[in-house]
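In what follows, a structure is listed as structure tokens, so that the remarks can point back to it.
Per-chain residue numbering starts at 1, and chain names A, B, C and D are given in the order in which the chains are listed.
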Amino acid sequence: MTQTVAFIGLGAMGYRMAAHLTKKFETVYVWNRNFEKAKKHEQSFGTKAVDLSIAVQADIIFSCLPTSHEVETIINSQQLKEGSIWVDCTSGVPESAKKLTQQLKDIGVDFLDAPVSGQTIGAENGTLTVMIGGDKFAFERALPALQTFGSLVKHVGESGAGFAVKAINNMLLAVNLWTVAEGFTTLKAHGVDLNEALECINASSGKSGVTENVFAQRVLNRSFPLTFALPLLAKDAGIAIDLAREAKLPSPVLSLAQNLIQAANLASEGENDFSSAIKLYESWSKITLN
Amino acid sequence: MTQTVAFIGLGAMGYRMAAHLTKKFETVYVWNRNFEKAKKHEQSFGTKAVDLSIAVQADIIFSCLPTSHEVETIINSQQLKEGSIWVDCTSGVPESAKKLTQQLKDIGVDFLDAPVSGQTIGAENGTLTVMIGGDKFAFERALPALQTFGSLVKHVGESGAGFAVKAINNMLLAVNLWTVAEGFTTLKAHGVDLNEALECINASSGKSGVTENVFAQRVLNRSFPLTFALPLLAKDAGIAIDLAREAKLPSPVLSLAQNLIQAANLASEGENDFSSAIKLYESWSKITLN
Amino acid sequence: MTQTVAFIGLGAMGYRMAAHLTKKFETVYVWNRNFEKAKKHEQSFGTKAVDLSIAVQADIIFSCLPTSHEVETIINSQQLKEGSIWVDCTSGVPESAKKLTQQLKDIGVDFLDAPVSGQTIGAENGTLTVMIGGDKFAFERALPALQTFGSLVKHVGESGAGFAVKAINNMLLAVNLWTVAEGFTTLKAHGVDLNEALECINASSGKSGVTENVFAQRVLNRSFPLTFALPLLAKDAGIAIDLAREAKLPSPVLSLAQNLIQAANLASEGENDFSSAIKLYESWSKITLN
Amino acid sequence: MTQTVAFIGLGAMGYRMAAHLTKKFETVYVWNRNFEKAKKHEQSFGTKAVDLSIAVQADIIFSCLPTSHEVETIINSQQLKEGSIWVDCTSGVPESAKKLTQQLKDIGVDFLDAPVSGQTIGAENGTLTVMIGGDKFAFERALPALQTFGSLVKHVGESGAGFAVKAINNMLLAVNLWTVAEGFTTLKAHGVDLNEALECINASSGKSGVTENVFAQRVLNRSFPLTFALPLLAKDAGIAIDLAREAKLPSPVLSLAQNLIQAANLASEGENDFSSAIKLYESWSKITLN
């Protein structure tokens, strides 16, 4: 296509996502705070490492940053081009999406919140799930670009809706992680074989993404590989709780899980994978999940 | 095989499970408190509707009853045959399994706790998951019979372990049911399209048996079909909590979910499907999940 | 004193509090949205019912309104006098206190957050507890006026600290109300005499303001007199939770209680006393606390 | 009086309670597993250190032991005298009281559950609160003896009711301890002066036995004096939860607090005062309550 695209934020996810854009676009600008990464990306994938001020002149600008705060800082520091679309793949805050949408609308730029799920493996293979909030027409214009790295690309509602779905997804992940730890510790205390139990549950109604893809792969083998950091899960759980609070909804179980994940996060030393949250529970039970 | 088998308790699950035994056994006794059902089973599947005192003389006796209480009552009222195996497919209490195992051992009978999961469709197709606790050798002797209705048949530990795994599975189901309700109500309050959100989450890390097989099929379409009654889920959640209490383990999130499911159960009028537990939450939020 | 004072908001608390100011001040302006109340106050206590624009010209202006929102609206609509002090006795939001403090500082006016506790009886008798946040020197200047209606008047920290203490106090009230309901329902289910039990607990370590002053007086006698409305308790509990969230602190038990009080609030129809929150619990237990 | 009385279990509480019996009874037998303590008691108070088999021949036998388990063991090992009353001041299990009541009734002995509250200072001064379950007539016969060490002596219901009230009292204590920690940590994080805040709350609706008698005396001064051990509080909280479970009552907040106290208990090393449970919370918040 003759449209130009840009990708801002070449972290573990963004680095891989940006590479897929070259499948459909001749000009793919990339920018990263640590600019060496952008240079390396250019060499590996034929993208163009450019100044931030040039990147933001693309027709579609993608961003994938730690939090909405960094997105706001960058947007507020730059002059954007009328008619362009900003697609933010950060796991961000719905309130921030609404604010940026309003702000950019005034200068003729569309903002879409478009967080992704599927981990680095999904980013690598271009099979991410992308949940998008914002103007439907802008969504349709951005769709071809989004499909380069997403295999399930869904418009879920107005501005902020994408971030909201992502936050609830990660909140459910947090609940499942913690409760599987409680449940399996109980089973272990009663002498049950955890691997056999896991296989049974994965064929039953109590299964979840955690029992299928997290518990054996990260916890029972004690690997806790750092692919999604615990503070980010704690942040997302906090966003979910804020959404419930804003809507004046009680959310007793989500709130409790968020509080425990936050406790685990505070108690955790150093940079750790989200799955290591269960170590707080292990420090109480004195039973190791292996 | 020349072994005789019996099936006691022809409810929605047992009726279908017993039928599969005829694939491997010439003599399949069936018994049910409402004996008309046993007669009908004989006519439909070529089993033999017999007196309870005869059924319990089989080499392998299966039971599938509402709770461990009924199993104990029947066992205590009958004279069992030395060398036989009693396989209890009830979603029962681990403590009861241990007691019966000890009691029957004294008269030369093995007891296996062998609860199943997979709902009536799994019972119909013979694709149930069976999680078994008790003597390993007894398990191996019963295996061919168990495989007539189970596609995943696992020995998970000593006496009571099967019931424990089932209780934790159903506790996780309860947690997921309630938290998906909290999460999706929050999304709806923020204007998110729930069907699109569900599709995204089912392709993401927050998915669960509830998001994949329960929420659209029972809740969002407001059907709440009665296939697994709410009081039974409340009972199973209670068993899970008792297991944690016995082991002196804290289980904050499981406990909270059990308390809320029990509240939903007490607040519920008439016989209702487990999925209708979310109606307690809806009575607070005043938001209908559809 | 020759200073002039004003009282804005003559609700159940403010009406009584304003009357005490006449003990020390010759000129006490009063204003109320429903101005008839101000007129009546003038006739009863010798205060002066004046226009809002005049009231805000006093040396010390007190406000006691439903929420911080109303306080902000009034302050933003008026021209204040340099050198004056605004003392806000609303149960307000710490964040709002900080914002108003900053805003008024720019025009030479001090803002103190000074919520009160002690109910209408304490307001009547001038024996309220007043917890104050803000500039220490402004606090000392306002102290003589505060002491007309408060018997315990404490500076607890910087701007917002007074509101914070009030919010935590009311959150603890909410926790106690709910847990006493859970505990006494359990006792009643076991046939315990609740009045005797209450007397024992009030002489023991588990006592609280709720067991001493709320449970017999409002719940066990089924009177639920409307002196402090449930939505206001729910609001205060929410403020407490927001304080914990801002500080990134886990608060599992406070959060759960806040969620349940909010559920009770949403489920409640009409205007009800805070103590009626226990009716949500009664709707589950089917046991009436009397 | 010419009746004989006995006191079994001379721990921190029992040692002091037994001494008061000499005010009304000429013959006071005392027994303790570590018999040196009984000897010392005889020398200090003029009681009689005797063999357990003699002690249990008294007309009224008091026991004050760590748990119901020890009480059952002693009762089952001895021959009791028809017409006597066993008054158990242990913080015991209601179910055990019912069992012992039935068992002793068969041999003409009355059993009263009569747990006390008021700490060692109340035992010293004879100002304990005693909450009693069991036969009303037996209660009246034991009343003069109970009044030697109790200033509030209440019959609260049938067998087990006394233990139930004590368990709920201590459960409320546990809730208050934990929630005051959450609340005051939040205040400290916002820069509030905790001592001033405590004074305000103690004059307000959020006060409790914890804010009045525990928090300043044990936590804020970091003394955590070992007068009531954390495992005993955890045990009592567990009894309270079992009571709710038996009655099939949801108790979400009590359950959460029990789970957290149990976590604190498991995480605690060595013998610690109940108030040190808050250290688990401090290990999350990294904020010291002082």
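Rule of thumb we're sticking to: contacts are C-beta pairs under 8 Å (C-beta built on N, C-alpha and C of every residue); 3 or more make two chains touch, one makes a residue touch a chain.
Since the model is a prediction, treat every value here as computed from it, not as a measurement.
Visitor: Would you mind telling me which chain pair, A-B or A-D, is linked by more contacting C-beta pairs?
Guide: Of the two interfaces, A-B and A-D, more C-beta pairs touch across A-B.
Visitor: Among the chains, which one keeps its Cα centre farthest from the Cα centre of subunit D?
Guide: Chain centre farthest from subunit D's centre: A.
Visitor: Centroid of subunit A to centroid of subunit B, CA atoms only: how many Å?
Guide: That gives a centre separation of 36 Å.
Visitor: Round to the nearest whole Å and give the separation of the Cα centres of subunit B and subunit D.
Guide: So the centre of subunit B lies 41 Å away from the centre of subunit D.
Visitor: Subunit A to subunit D: how many Å between their CA centres?
Guide: The separation of the two C-alpha centroids amounts to 51 Å.
Visitor: Mind pulling the residue numbers of subunit A that touch at least two other chains?
Guide: 249-252, 256, 260, 263, 266, 284-285
Visitor: For a test of understanding, state which residues of subunit A touch subunit B in their complex under the given definition.
Guide: 94, 117-119, 129, 131, 133, 152, 154-158, 160-161, 164-165, 168-173, 175-176, 178-180, 182-187, 189-193, 196-197, 199-201, 203-211, 213-214, 240, 243-244, 246-247, 249-254, 256-257, 260, 284-285, 287
Visitor: Enumerate the contact residues on subunit C facing subunit A in the complex.
Guide: 238, 241-242, 245, 248-252, 255-256, 258-260, 262-263, 266
Visitor: So in the complex, the part of subunit C that touches subunit B is made up of which residues?
Guide: Contacts found on subunit C: 252, 256, 263, 266-267, 283-286.
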